[in-house]
């Protein structure tokens, strides 16, 4: 049971590093952004995992609840806003990529560097 | 048993992520990202985060796919080159993974009610919400009232990102790209002339809008709120744009109206805060907005959520139109 | 009465689960795109009807039942439309419905 | 009894994921994304009752309404792309 619980954290670690790999190793800029959103999601997962209380339920009062145990609402608030902020910033990144493509004709990092060196 | 389901979903999540990064075809990555979003939303639900799952549903199921596809339509569909220094990067990443995995052993036990996160401020929020704010959804109470400053900041970040995209993509086209002229061939074959999806899409739009409004105003009582509603309403308009075409969407909601939505949402949020000051309270203290502090809180939360919803709708739609106007996809 | 309802709902849920599973196996094992699509889309609809129907019987006459009915309605509208649009797009792109193996012309291009 | 459906749905999701990873054509992948969406709706409805929280059904409703958009966007994209290719071909032949 304890190991099953820690599995959540392991998945967080692995997802984080998959995203990290895409950001550092891939040369394609769109792929980097995909990696960045995986990285973001890993962090979201960590926060929500930490907020879980065993035997708890979603922090919304229903009429017929007696002495409910709630999971932590605070991480949920932070992540809820972060998801929408995440998509807006990803869109900003995509906008930059589109402009780069229009100016350089490529979205591969090393090709852009070659063009810059000329 | 639920933990086992969760473990299964998490394993699928890792497989999806690896496949998304490993594929050289960017479409495949984007589609796998869609599956990733579905899986992580189910996981959030299993971890008791209904509001977060709803947000992920509203954003991940439609809007993020559409934005990535829009960007792909304007750039390339494939990675041109294999990853350079692949083994070096893998080694570095592997070492970093080991470090993070080592760190997880010091984390508090999963679901432990005595963990530092659970005993700091959360019990206070849970205890005080029925007394001070009296809305059933504690997440909404914390989001809109207790931590209104945070949310104000987030709304302005979203606003700024929207402005940034508009600046980037409404710049005059570089020499490399020219807007493809509308030609008969393309419009004949697109979704706009495919009767069944078109009819069904048009049928669904009002229901999604209605559901968006329900999520907006039911946010105090169940999962929902301005962020989710904004994303849902934006998704409805994007669906309309897919089946009816860009021009008709812009006729219905012109760009100026979208800008007005963006600005008025952020302004509404700020003004509610300032109104608190003028009525003798602090910035973003809603208790003074009405004679009864609890009624004031309710009024404040509804106004704030409306502001959030307006801004999010405006920003997401402006971003969508900015990408779509670059080139039809 | 409650026991009868429970048994019916149990049967519906199990049948729904079976259909869903069969659809999944079909989508994985069938030889080409159109057969896979057939397996997935038909069982999608039946599975959704059975599972949501089973839950509805459990829920009784509450707001939840209306929500479930709405979910079912929208699934019944959107899921076949998506399948139709998908098949149509594949046809236009030139994936031919042949018996046997799928043509290997359009690998992810 | 909800467990039977949940497990069946989860296994189906795994199968659909395998199909999405294997391909071979993009349409197979779109098909599995679509399947995944429907399965998620069912899974969420069942989990809502498993957890005794009928208010979670809002989420399933959101997915039932919105899933469609992703699939349509992808298909629209492919259609206009193949149209563009046809047109480029015919232009090349004209020249």
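Note that the chains take the letters A, B, C and D in the order they are written out, and that residue 1 is the start of every chain.
One rule holds in what follows: contacts are C-beta pairs under 8 Å (C-beta built on N, C-alpha and C of every residue); 3 or more make two chains touch, one makes a residue touch a chain.
Remember, predicted model here, so these are calculated numbers, not experimental data.
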B-D against A-D, pair bridged by the larger set of C-beta contacts: B-D
Approximate Å spacing (C-alpha centroids) for the pair subunit A, subunit D: 21
Cα-centroid distance, subunit A relative to subunit B, in whole angstrom: 12
Subunit B and subunit C, separation of their C-alpha mean positions in angstrom: 28
Where subunit A touches two or more other chains, by residue: 57-58, 60, 62
Multi-chain contact residues (two or more partners), subunit D: 13-14, 23, 26, 30, 32, 51, 53, 55-56, 58, 61, 65, 67-68, 72, 75, 79, 82
Multi-chain contact sites of subunit B, meaning residues that touch two or more partners: 27-28, 50, 72, 189, 191, 197, 200, 204, 207, 222-223
Contact pairs between chains, per stated definition: A-B, A-D, B-C, B-D, C-D
Residue numbers on subunit A that touch subunit B, as the complex places them: 1-2, 4-22, 24-28, 30-31, 34-35, 37-38, 41, 44-45, 48-62, 69-85, 87-92, 94-99, 101-108, 110-111
Residues on subunit C engaged by subunit D in the complex (per definition of touch): 9-10, 13-14, 16-18, 20-21, 23-25, 27-28, 33, 36-37, 40, 44, 47-48, 51-52, 54-55, 58-59, 62-64, 67-68, 70-71, 74-75, 78-79, 81-83, 85-86, 88-90, 92-95, 102, 104, 106-109
In the complex with subunit C, residue positions of subunit D that touch it: 1-2, 4-5, 7-9, 11-16, 18-19, 23-28, 30-32, 34-35, 38-39, 41-42, 45-46, 49, 54, 57-58, 60-61, 64-65, 67-68, 71-72, 75, 78-79, 82
Complex contacts: residues of subunit D adjacent to subunit B: 3, 6, 10, 13-14, 17, 20-21, 23, 26, 29-30, 32-33, 36-37, 40, 43-44, 47, 50-51, 53, 55-56, 58-59, 61-63, 65-70, 72-77, 79-84, 86-87
Residues on subunit A engaged by subunit D in the complex (per definition of touch): 57-58, 60, 62
